[in-house]
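Heads up, the next two complexes both have chain A, just with different partners, chain B and then chain C.
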Partner chain A sequence: MKQPKYLFNAGRMSRKDNTLKFTPVDEAGVEEQPRYLPIEQVGDLYVFGSLDANSALYNFLGQEGIAVHFFNYYEHYTGSFMPREYLLAGKMQVDQTKHYMTAKKRIEIARRFVEGAANNILRVLKYYNNRDKVKDLTEAIVSIERLLVSVPTTTDVPMLMGIEGNIRQTYYGCFDAIVGQTFCMDGRSKRPPQNELNALISFGNMLCYTACLSTIYHTQLNPTISFLHEPGARRYSLALDLSEVFKPILVDRLIFRMINKRQLQPSDFRSEVGGCVLKDAARKRFVQGFDEQLKETIKHRALGRSVSYRHLMKLECYKLQKHLLGVEEYRPFKAWW
Partner chain B sequence: MYVILVYDMGQKRVGKMLKLCRRYMNWIQNSVFEGELTEVQLRELLHEAKRIMNEEEDSLILFKNRDLKWLDKQIVGVERQSTDNFL
Partner chain C sequence: MFPTATLVNYLHLCHRKLWLHANHIRMEHTSEAVAEGKQLHEHAYPQRTERYREITLDGSVIDFYDPYNKVVHEMKKSDKMEHSHIAQVQFYLYLLQKNGVEGATGLIEYPKLRQTQQVSLTEEDVPMVEGWIRVIEQLVDSEKCPGRIAKSKCRSCSYFDFCYVEELPE
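Showing the complex of A and B:
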């Protein structure tokens, strides 16, 4: 099983004996004991610390099909090193583009993404609504359900995005009720996030986005042609579409769980100029939690076997492919537990 | 499948074996590796290992386990190297 590797320590990554050698460097610049990463087991590299590497390494990673995701000091996603596409499929590409070009076909897929996202949001809210400690969320649930009903009647993407925005706003309004004692939401703020909870959401969403991006890379889909989000220049917008569906289940639930179990405290954050970011140890804990979440398995109803959340992402890509090729209609993943 | 691999090689071949194993599994101690492998990966590894080994003299032992969760790992003394995904 290929597993992602998360690099928090500064150090040097190099190619050695056809595998990866990571030499951590401490603050004084002294090299520590190197560690070899078995190349056959490495899924992706997530680089949070500073990494020394040369082109020989990137050639090797490219050859092995391993992507490297970079994050800057402020925990923003800065970009990815994506190896050459290896699953090329002209027909898939043509069909994907066709579905984007035809307004009717595009909105149909876009609606499904919103539906999937909203359903998973409702699942999260309903779970917390049953908790004694949490204030009553029924009002929010009802209003999201009402918004969800209007999704099938939308005729263009901006209108759909509007509804999606309203759903999210209502949803974020509930965060205070769920984790209110220790943290305060105070509205969603981005670029940069203004408080602790917003920093967590941004950071988590970014992890989810990169996980989706890697998954898409291992399918025939083109990551730049999207349906709900507008395909822009210099970004992988299909990963944005896909992550919408998984964010509530993967990221938000993790945030609630970690806060409610006091695994994250206000002291785990530091204020930067005009924003708020996670401290190193807490960031590591959060990424660890996210990694465990992805490895978590559920019994898949249709397949009749256990699949991990990471694999669910892949299944989602396959379903989308089938839709684009006209084999089977795409039905978004909806959590049922 | 979760595998623990131990080997004992003649001095000339031990370095080659080390390098081969590093590509597939996590090093935990001298001549000891562990890691999650697929059937195919294990076969690849053994195929290459046999080419390095002198089967008259050297030995390679595998402990195989269906899943890591059935394995209880206890470390006494120093952990020479951890095997997690966070470094």
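Showing the complex of A and C:
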């Protein structure tokens, strides 16, 4: 079973037969005991520390279909090494492009992504609204529901993006009510995130984006042709579209849970000129929390068996593919539990 | 495009499967079934490799062909004998005939069942195979993806999740 591997330490990675050899290097530049990772167990690699590697390694990773995602010192995602596509399908590519090129077809899909995001946001808010410690969120819920109703009336993507922005703003306005005793949201700030909560959201969103990207890679979808986000917004903008649907459930809920269980506290952060960052141990905990979340399973009603959250992402790709091929209309995943 | 034996097999299983496969919409190669099939070919009868040739005819690969006895051997890991397996081997025999080999026969082996199945291609069978080829060509050329078949037959198909995932109303 392939699993993502997270490299928190700086070090050197090389190929040793059919194994990856990782030699951590400490701050003084001293090599530690190497670790060996059999290639068939490696999903994606997440690199948080500095990584020393040569082209032979990347050739090997490319040949094995393993992506590498890089994060800098400030926990900002800086990019990915993506292996060459191996599941190419001309018809799929043409149909995906057609849906992007035709305004009417494009907006139909874009709306679905916003709808999916809004529904899952509502699911999260309704869950916390029932908690006695949390301030009443009913007002926000009602206004998001009202915004959601207006989604089908949008005629172009900028208009839709405007509604999506309003939904998100209302949603982020609730964060203080949910975790305000520990952290203060004080508005959403990115590049750099100005406080702890913003740093967590940004970091979590990037983890979600890379997970979506990897999932798309293992399908015939082209990750650079998107519908809600403008292609080029980021290199792999379809991963941005897809992650909209999953972020509330996978990232935000995890943040709330970890804060409320005191697994993340103000002392876990460091303020830097470049923004607010998680300290090493807390970063590890958060990444592990996210990883466990992806492995968690739920019973899928249409398939009649348990599937992991990671597999839910794959299923989302299948639904999108079916839409593009004209098999059946795409309806976004909606948390039902 | 001239049909491959895989498509002939799928024609007798599910038209949607045929269409998806022909359009290169295929599932990831991580599937254990694929690995198992490969292993079966590599290890089941190693001593026989001397006698057999792998031959490619019109884009279809026959893994085990015995040129002296003119016998096509096909191994199936499945635990059920399927009509689609016979069709696939008949198609091989048709290809052989088309390429000048008269009177070849086929033998399907089911190691899990410890059973074999004889296959032949009679004169009357030829128009039938040609009919398959025409239907496959039509299906592949079609813009539209064919519908699903009965769910009970889909459980072991690699497209199961693709075909059956949907959002149910609350």
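Keep in mind that, in the parts below, the second predicted complex is superposed on the first by the 334 of 337 C-alpha atoms of A that agree within 3 Å, B and C clash if a C-alpha of one lies under 4 Å from a C-alpha of the other, contacts with A are read in each partner's own complex, and residues count from 1 in each chain.
Note that contacts are C-beta pairs under 8 Å (C-beta built on N, C-alpha and C of every residue); 3 or more make two chains touch, one makes a residue touch a chain.
Keep in mind that this is a model prediction, so the values were computed, not measured.
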Next on the checklist: For A:A89, using the defined touch cut-off, is the partner it touches chain B, chain C, both, or neither? Pick first, second, both or neither.
Outcome noted: second
Next on the checklist: Output check: A:R235 vs chain B and chain C. Expected answer is one of first, second, both, neither. What do you get?
Outcome noted: neither
Next on the checklist: Looking at A:D291 after the superposition, I want to know if it touches chain B, chain C, both of them or none. Which is it: first, second, both, neither?
Outcome noted: first
Checklist entry - For A:K105, is the partner it touches chain B (first), chain C (second), both, or none of the two (neither)? => result neither
Checklist entry - Now for A:K319: first (chain B), second (chain C), both, or neither, which partner does it touch? => result second
Checklist entry - If you stack the two complexes on chain A, which partner ends up touching A:V327: first (chain B), second (chain C), both, or neither? => result second
Item to check | Partner chain in contact with A:R123 - chain B first, chain C second, else both or neither | outcome: neither
Checklist entry - Regarding the shared-chain residue A:W336, is it in contact with chain B (first), chain C (second), both, or neither? => result second
Item to check | Overlap of the chain B and chain C footprints on chain A, listed as residue numbers | outcome: none
Next on the checklist: Quick check: in the complex, which residue numbers of chain A touch chain C?
Outcome noted: 2, 87-92, 218, 220, 300-303, 311, 314-315, 318-319, 321-322, 325-328, 331-334, 336
Next on the checklist: Touching residues of chain C toward chain A in the complex: what are they?
Outcome noted: 23-26, 28, 30, 143-145, 160-162, 164-168, 170
Checklist entry - Across the complex, what residues on chain A touch chain B? => result 1, 3-9, 11, 17-19, 22, 24, 33, 35-36, 38-41, 284, 287-288, 291
Checklist outcome for this item: The chain B residues in contact with chain A across the complex are 19, 22-27, 35-38, 41, 81, 85-87
